[in-house]
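Look at the two complexes coming up: chain A is in both, with chain B in one and chain C in the other.
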Partner chain A sequence: MPNLEHPAYPAADLLHLESLVPCRESQVSMLLSIFGERQQFSFPSIFIYGHTSSGKTYVMQTLLTTLQLPHVFVNCVEYFTSRLLLEEILIQLQSSSSDKEQTCPVHCDTLNDFVRLFKQAVASQELQDQTLYIVLDRAEQLREMEANILPAFLRLQELTDRNVTVVLLSEIVWELFRPNVGCFEPFTMYFPDYSIGHLQKILSQNHPPEYSADFYSAYINILLGVFYMVCRDLKELRHLAALNFAKYCEPVVRGEANERDTRKLWKNIEPHLKKAMQTVYLREISSSQWERLQHDGGEPGQLKGLSAHTHVELPYYSKFLLIAAYLASYNPVRTDKRFFLKHHGKIRKTNFMKKHEKTSNHLLGPKPFPLDRLLAILYSIVDNRVAPTANIFSQITSLVTLQLLSMVGQNDQLDGPRYKCTVSLDFIRAVAR
Partner chain B sequence: QHRHLLELLKRTMVHGESNSALIIGPRGSGKTALLNHVLKDLREMKQVTENLLELFMKNPFLSGLLQTNDKVALKEITRQLQLENVVGDKVFGSFAENLAFLLEALRKGNRTSSCPILFVLDEFDLFVHHKNQTLLYNLFDISQSAQTPVTVIGLTCRQDILELLEKRVKSRFSHRQIYLMNSFDFKQYIKIFKTQLSLPAEFPDESFAQKWNNNVQHLSEDKTVQDVLQNLFHHTKDLRSLHLLLMLAVSAVTVHHPLLTAADLQEASRHHRTDSKANIVHGLSVLEICLIIAMKHLNDVYDGEPFNFQMVYNEFQKFIQRKAHSMYNFEKPVVMKAFEHLLQLELVKPLERPSVRAQREYLLMKLLLDSSQIMDALQVYPNCPTDVKQWAASSLSWL
Partner chain C sequence: FRSRSDDSEDTELRFVTCQSLWNQIKSETEQIQEDLNKQLLDNLVSFLSRSHSEFQAKTTEWTCRMKFREIPTAALVLGVNVTDHDLTFRGLSDVLQDNITPFIALLEAKDCAGIKNLMQKLMGQLMNCDVDVDSLEDEDCVQVSQNRIRCSMSSLISWYESVTKKTDSETPSKKRNSFSRHWQSPPVVVIFKDMESFTTKVLQDFIVISSQHIHELPLVLIFGIATSPMIIHRLLPHSVSSLLCIELFQSLSCKEHLSTIIDKLLLTSRFPFKLGEKVLQVLINIFLYHDFSVQNFIKGFQLCIVEHFYSQPLSVLCCQLVDVKKRVYSLSHDQCENIRRLPSFRRYVEKQEAGKQVALLTNDSFLKEEAEKLLEDLHVYHENYVSILRCLHVFTSSLPKYPLGKQIRELHCACLENRVWETEEYESSLQLARMLNKTDLVTMLQQCVEILRSSSGKEFDKTVEKLKEFLTQFQNLEAEASQERDVSVSSQKELQKKTDLYHLQKTLLELKESRRSKKLTKFEMLRFEVVDYIDSLVRKYLVPADDRTLHEIVYFNAATVLRGHLNAAPRTALHTALNNPHWYLKNQALKCDGGGISNKAPDICIVYKLHLECGRLINLVDWLEAFSTVVMAAEEPNADAASSDQVDDIIHARFIRAISEMELLGFIKPSKQKTDHVARLTWGGC
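And now, the complex of A and B:
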C-alpha cells in the first residue's frame, strides 16, 4: 500500500521509491510535500541534518533519481575549495543538458562569474521552469571555505532569480553554521536515527540466499545485542555483520548444529564477537586479515593490531630511559627524594600539597622535566653504574625522533633541554616486561 | 520611509542631484523589498511624466556577497553598464580613472545630458571590508562632485556601519540613514498573518477562494493559532520566520486536505522549534551517553573548567566500578572511539587546535551542551538503562 501519495508524480514511481527507502517514509513524504510540483518554487534553501549513516545522502539521491528531478549532486569534501566547487556544479549542469556536445572547460573563479554562468547554463537547458536542485553533501566543509560561499548559496534563489533550491546535508546542527552577522535562514529538517527495530529490519534485508531469513534475523539479533551499546552506525554494523556471518554459520556447515540450535550458535560466536570489538571495530586490523584469521582458526594471542606495532623493540638503556622519563613526567618533584634515595627523610605535608592533591597528575597529562632530573632518576633505577657517555645522550635524541619523548621549549634554552614523556601507562607496562 | 526614499530617488532623476543614503535594518526587516517597491513606483512614474528629457535609468545591482573585491566590482559595473566594448584593452592606472572613464563614456553615449545612475549596494558591510575601501571612496566622491548625477544606496544589517567607514569615505557620505525596524505589535502581526494567507482576488476559482479566505479568518480567531503566533512573535519579530512557518503549514495542504487547520499550524510550529541538539543526543549510543553524563558531572564539580579525555574516562570508570549493572566495562580504545565520534559531531569542542606535540587524550575540551538539555534529552532517550539515568540525576559526591 503506497504511503507516499503525490498528485504530481506517477504512482508507480512512488511505489518503487518506497521500496528503496525502508523506515524513512515520513521524511520522504515531507520532502515531497515541500518540493511540490515540478514548476513550483520551493524554499530557497533546505538544511538536512542527522547522525552518521542515517540515510541522508542515500535518500536524497534515490528520491531525485527515481522521480527524475533535475539536480546537481556535489560532495564538499571532494571539492574543497570554492573554485573547484563552483566549476563542478557548472560542469554537471552542462553535462546533464546534452550528452552529444563535449563539455567545454569552464573557468569560474568567483561567485560573481558563477551567478552569470549559472544563469546562462540554466537558460540553455530545456528545464521549462522546473526546480533545479543543487545538493551539497558534507556541507560543514563550506564553513572552511571563503566566508561568502555559505550565505551566497543560501540566497541563491534570490541572487540568480531562477527556480533553484539548494539542499545542504550535514551531521552538525545549524546553530554551529550560522555566520556572525546572520544570514538567510534555511528550512531545517532532521533525519532521526534508526531505532533498534529499524536497524534490525534494514540489516536483515541483506541476507544471503542460502540461509533462511529467520536464521539471519537471529544472527542480527545477537550482533546487535553485543554492539548496540557501543555503536549505532548502520555502515559499521553492516560491515561487522558481513564479516562475522561466516563464523556464525560454521557449526551449521560442519554439521554440529542445525539452524535452530541457538544456544550452541551463541556459544560459538560470542567470544568471536568480543574479539571483533577490540580489533575490527577499532580498525586495528583490516578485514582481510580478519577473514584469514577466521579461516586459519589461529589463536587470538597472535593477533597484532595496529597499535601493537608501536611496541617497537628498544635497546636496553632506551627502555630504562623511557621508564625514567615516565616517572619524571608524572611524579611531582617533591616525591623524588622519597622514592629514589636510599635514606630519605619524612616529607611533611604542607597545606599547599593538601589543596593540590585533588587533580592527579595522571589526569592532567605529562609535565616537562629538565634533562638532569631524567639522568638522576635513570642512575637510581639502573642497578649497575651508568656512565654518562654520548651513547646515552644519542639514545635520548632517538627517543625524541620516535616521538616517544617530546622536546618542550626552544632549542637554545639556557638551562638545558626539557622533555616530556608522550606514552601511556599501558605502553610503559608493556615495555617493562 | 517609503516616501523618504521615493523623494530621494525622484530628486536624482528629475533634478539631476547626486545623493547617497544607507538603509539600515536587522535581517528580514524588508530592506530589499522596500527598495524594489520604490523602484517599481519610479518606473511607473517615469512613464507618466513623458515631458522630461529622455532619462535613462540603469541600476547596476551589486551585492556584497558576489563582488568580493574591488576589481571584481568594477568588472561587474562595466558589464552591467554594457560598456565592455568601450573599455576593451585599456589599462587603467588607478581605480578612480577607470570609474571616471566609464562615466564619461556614458555621458557621451546619451548626447543630450548625462543620465543618472543608481548604484544599489547590497550587504554594504562587506564592501566596507575591501582593501582601502576604494570602491566606496570613489562612488561617494563622484556623488559629491557634480559631474554625473549618481545616487548610491547601500543596504546593510549592521547598526554600527558608520564606524566602519574610513574617515575620508565618511566625510563624503551624506549621512542620510533610513532605519527600518519591525515595530508592529501583536495585533498587527495577526493582521499580517491574515493578509499573507489570504488568496488574492485574481485567483481563478472564486468559490474556493471564498472558502479559503473564510477559513483564514476563522483561524486567526482561534485560540491555539493565536498561541502559536504569540510564541513565534516573542521569539523573533521578523516576517521571514513567519513566512517559513506558513509555507511549511501550507505545504501540508493536498487534494484530500484542502483547507488549513489549526493542527497543521501547530505541527509546523513544533517542527520549527525543535531543539536540534536534543535530536542529535537522541541518536547517540549508550556508551556515548555515559560519556556525556560523565562530562556533565565534571562540569558540575569543577564549575565549567575544561576537561580532557583522561578525566572523562576516569569518571566513567568510577561509575562502572561502583554502580553499573547493565554496562559492560569497555576497553579504553573503544571508549576513545566513542569520544572521537562525539568530537566529530561537534558536541565536544577542543579549546585549541590539536598540535603534534600534545597527546590526543590530554587535549583540553569543553562540552557544548547545557546540563538541562542533557536531562531533557535523557527523558526521551529510548531504552536507557535505569542505572545510567540514576547516575545522571544524582551527582556522585565523594572525594
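And now, the complex of A and C:
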C-alpha cells in the first residue's frame, strides 16, 4: 500500500487523510504531487472524471479541508447561470478569509468583472503565497453556459496572474468538453470505479457502534452478494445497508442466533433483500414505507408500488381519440382505406410482407400524423356520429398536456398540427378494454 | 332579467330567488367537496408532519447518519380531470397553511420553462407568503426585494434561517396564532401542480439542487399527477428518483365524486329546482364522454338554473314550500294567464268537470288556490319519489348485468324519461328479482326499511309496516323450512316401503304432483309477494315528472338550449355562417333557397361556397372568374356587358380581400406545388 508522503505537509495530517479516503490513496498521492507545496504554483487546471459515486467530490473535499488548503467549492448545477456561479465564487472567497460581516452584495455579470474582482479579493486576503483552489463540481454544466466560461476557467491562472488552480469534476470524459475553437488542455485524471473489494472495505468501515465490525462486514458481504449485480453506486448501497440492517439483526436481538451464526442470519435476510431489490431500490415504495413495513412485520405485498397503478381512467371520447391516435401513429397511411372504409377493395395477398412490416413498425416508434387523419379515424371507429365540437378539440389538447400525445413541429398552427402518440401497446390495450 | 321580460312577471323576485338558490347550491357543493377530500387531505397532512418530524428530532443515530437524506415526496394521483385540480390544490394549501406550515409554493409548468424561472417563482411565492404572515416587519419587505435579485438556493436557505430564527425569538405573549399551530421549523412545501407538463431537465435540476440542501432546508415536494404514477419514472432517471422518498396518495375517482354530487343535489327535496331528463342526460354525457370534470358539471347546472329563471316567468314559484303560498297569492293576472297556458295545466283542466273548468279558467283566486294545492302535491311527490327511487335502486343495483343501470343516476334518468314500469328493462329486472335468494332479499328489505324510515315523507308508515311484516314472515319461514324437510323425507320413506306396482305408480304420480306444486314453496310465494309489492310502490310513486301538473315550474327541460351553450361546435358554426349568412345576419335579402349562390351575400360567403366545389388545389384565375360571374349576375340587367372591363378592378379587389380573409380563417394557404394555385386545408365540406 503506497503510503502518502509529502514533505510539505505534516505526517499526522497525511495519516488522518489516508484513513479518511480508503481505496483512493494513489489518486490522492498523485494530486498531492501535482499540488506541490503551498506556495508553489500548481498546474492551472485539473480535470477529474469518473463514474457516479467514485469519490471525486468526497476525495477533493476531504483533501482540501484536512490539509487546510484555501479553496472554493461550487456545484455548477446549483448555480445554473454564469452570473450566479461567478458571484458565488466571489462570495465564498470573501467569507472564507474575513470573518467580519462585510459581504456586501457582489455584482458580477461578466468574466472581465470576475477577473478584476477576483484579483481584489485575493489581494485583500493575503493569499498570494498560497495556491487557491477553485473546485467546480458537475462541470458538465459549464458547457451550457456562455461559450467563454469554460476556456476562461481553464486558464484562470494566466488571466488573473494569481496563484490559483481550477479543478473540474465531471462524470463525462474531457473529449466531450473540448470547445471546437480550442483551449488550454487541463491535466486530466481518471477515478476508476470501486471494485467489489473496495466497496466491501468502504462500507464496512462505518459500522454501527452497538455491533462489532466483523458482524457488520459479514452483513455487508451478504448485501453486496445480492445487490452488486444491479447497483454499484456506493451511496445507494450504503442507504440500502442502513435500511435493511435492522432486519438482519432481528434474530440476534431476539436471541435466536448469535453474531457468529452467519448461515442462519443469511437465510433470514436473503429473501428480504431480494424483495428490497424489487421495491425499494426501484423506488416503487419509499424507504420510509419500507421501514414501517419492517417495523410492523407486514408483507410488502400489501403495499402496491408505483407501477401497480398503471390504469388511467379516461373519458369516453378521450379513449377513442387515444386509440385513433395510436392507430394513426403505427399504421401506414395507405392501409387506412382498407381498415376504416366499409367497401374497401380486395385485400391483396401480401401477408408475408405485412407481417414483416408490422413488427418493424413497433420497433420504429410512432410516426407523426395530421389532425385531420386522427379525426377521420375517430369518426370511423366510433359507432355513433360524433359532432366535431370544441369539446373534442380541447380533449386533444388535454391529451397533449397529459403527455399521452405529443405535438410535432408546432410552428404552423393553421397548417393542420401534427401529433404523435406516445403511449405503449400495453397501455392502449388496457384503454381499449 | 329586466331587459326582456316586463315587470308583471316578477323579474326582480325571480332574480333574487335564483341568486339565493344558487348560493345555497354552491355552498352545498363546496361542503360536499370538502367532505370528499377530507380523507385525502388528512393522509397528506399526516404524511407531511411525519416527514419532517425526523428533521425536527435531528437524530444522531447511526442509521440516520448512514442513510442519505431523501426528499420526502407525495405523489398525488388526481385523475385526468385537470379542471378540478385547482380546487383540490386550493383546499390542500389552505389545510396545510392551517396545520403544518406557512411556507407553501404552488408551481405550474407554464411558469417554469427553465430552472431559473422555477427558482424565481418559488422564492417569490415563499417570501411573499412570509410577508403575509409577518405583516408587521416592514424592513423585511425591503430585504426581500433586495434578495430577489439573487435567486439561488443559498439565499433561500439564509431567508429560511432568518425567518425561523425570528419566530423562535418571538415571545409567546405576542399571541401569534398562525405560528403557535406550526412547529419550530415548519417544512417548506413545494407543490408541482401538473407534473406531466414539467420538462425533465427542470425537475431533475431542481431535485438535485434541493437534495443537496435538504439538511438546511426541510423541503417537501408534492407532485400533482393526472395520469399514472409511472410518469415519475418516465420523467426522472434512477439517479434522480433515488433522491426522493415517494409516497403515493390517490384522490377519489371523479365518477364517484359526480355520483355524490348528483345524490346530494338532485336526489333530494331540499332544492326546489329540478333538472329534466334530457337536460340531465346532456350534462352527464358531457361529463362521461368529454371531460370528467365535476366543476364543469356544476357550471352546467348553474347555467340550467339561470336559464330556467330567465326563460320561465313562472319560475318565481320555484322556491321553498314555505314561501309558495305567499307568492302564489301575489301573482298578477298575466302570471295567472301564464299558468293557464302551461300544457300540463291544460291537461289537468280537461280532466276536471265542467263547472270547475270554467272556474279555473276565469277565476284568478280560485286558480291560485288550486295552484298552491298542486304545488304542494308536487313537493310531496318529490319526497316520495326520492325514497322509492332509492329503494328500487337497492333492488336493481344488485341484479346481474344491471338491466336498469348500476348507478342511481341511470335509474333516475330512466324514471324521468317515461313510465319506468312499461320498459323492457324494468320487466327483465323484475324477472331477475323474482329469482333472488333469501339472504339478499332480506338485507335489501332491511335497507329499504332504513331508507323509508329516514325519509321525511309521511305516507311511508304503512309501507314500512308492510315491509317489516315481510321480514318477520321470512324469519318464520326459516322455522317452517326444517319441518318441511321432515315431511319430504317421510314421503321418501313411504316410497321405499311400498313395493306394489300399482301403489308405486300412484305414489310416484302423487310425488310428482306435490313437487310441481312445491315449486312454489312458501318462500317463493313470499318472494313474489314482495316483488309485486315493490312493483306497486313503483307504479304509485315513480310516475315521470312530465305527467305531473305544473311540473314546468320546477323542471328545466330545454336540453337543446343547453346543448347549444355547452357543446360548442366551431367548425359547424363557421360553416353555417359562411354557407348560410341569413342564420346569423337575419337579413331577409340573404335568405336563399338551397344550393344557389346569392350575389347579395357577403363576398367571403360567395368565395367560400365556390371553394366548396373545388378539389385540393384551387386555381385562382378560375375562382376569380366564377366569383365575378356570380357578382355580375345581378348587375347584368342594368349594366351592359361593355362596362365589365371597368367593374373588373373593383371585383378583383373584393375577390382578393375575400381570399385573404379565407386564408386568415385557415381554409386555404398558398401552395408551392403549382403557380396561381392555393391549397385547401379542409376536407369534404365539413
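To be clear about the criterion, the second predicted complex is superposed on the first by the 306 of 433 C-alpha atoms of A that agree within 3 Å, B and C clash if a C-alpha of one lies under 4 Å from a C-alpha of the other, contacts with A are read in each partner's own complex, and residues count from 1 in each chain.
The working rule: a contact is a pair of C-beta atoms (placed from the backbone, for glycine too) under 8 Å apart; a residue touches a chain by one contact, two chains touch by 3 or more.
Quantities reported herein were computed from a predicted structural model and do not represent experimental measurements.
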Looking at A:244 after the superposition, I want to know if it touches chain B, chain C, both of them or none. Which is it: first, second, both, neither?
neither
Taking the superposition on A as described, I'd like to know which of chain B and chain C A:268 touches: first, second, both or neither.
neither
With both complexes superposed on chain A, which partner does A:80 reach: first (chain B), second (chain C), both or neither?
second
Contacts for A:88 in the overlay, against chain B (first) and chain C (second): which applies, first, second, both or neither?
second
Given the touch rule stated above, what does A:43 touch, chain B (first), chain C (second), both, or neither?
first
Tell me which partner A:148 touches in the superposition: chain B (first), chain C (second), both or neither.
first
Name the residues of chain A shared by its contacts with chain B and its contacts with chain C.
52, 282, 307
Which chain C residues qualify as touching chain A in the complex?
50-51, 62-63, 65-68, 70, 72-73, 75, 77, 79-80, 82, 115-116, 146, 149-154, 194, 196-197, 205, 208-209, 212, 226-233, 238-239, 241-242, 244-248, 250, 253-255, 286-292, 567-572, 666, 669, 681, 683, 686
Complex interface listing, chain A residues touching chain B:
5-7, 33-34, 36, 43, 49-52, 54, 110-112, 115, 146, 148, 151-152, 155, 158-159, 171-176, 181-185, 187-188, 190, 192-193, 195-196, 228-232, 277-278, 281-282, 284, 307, 358, 362-366, 406, 408, 420, 422, 424, 426
Contact set on chain B toward chain A in their complex
26-27, 32, 63-68, 72, 75-76, 125-126, 157-158, 240-241, 244, 247-248, 251-252, 254-255, 274, 276-277, 279-280, 282-287, 308, 310-311, 314, 327-328, 330-334, 337-338, 341, 344-346, 357-359, 361-362, 382-383, 399
Using the touch definition up top, name the residues of chain A that touch chain C in the complex.
52, 75, 77-81, 84, 87-88, 105, 206, 208-210, 233, 235-236, 238-239, 241-243, 245-246, 282-283, 286-289, 304, 306-307, 309-318, 372, 387-395, 398, 401-404, 414-416
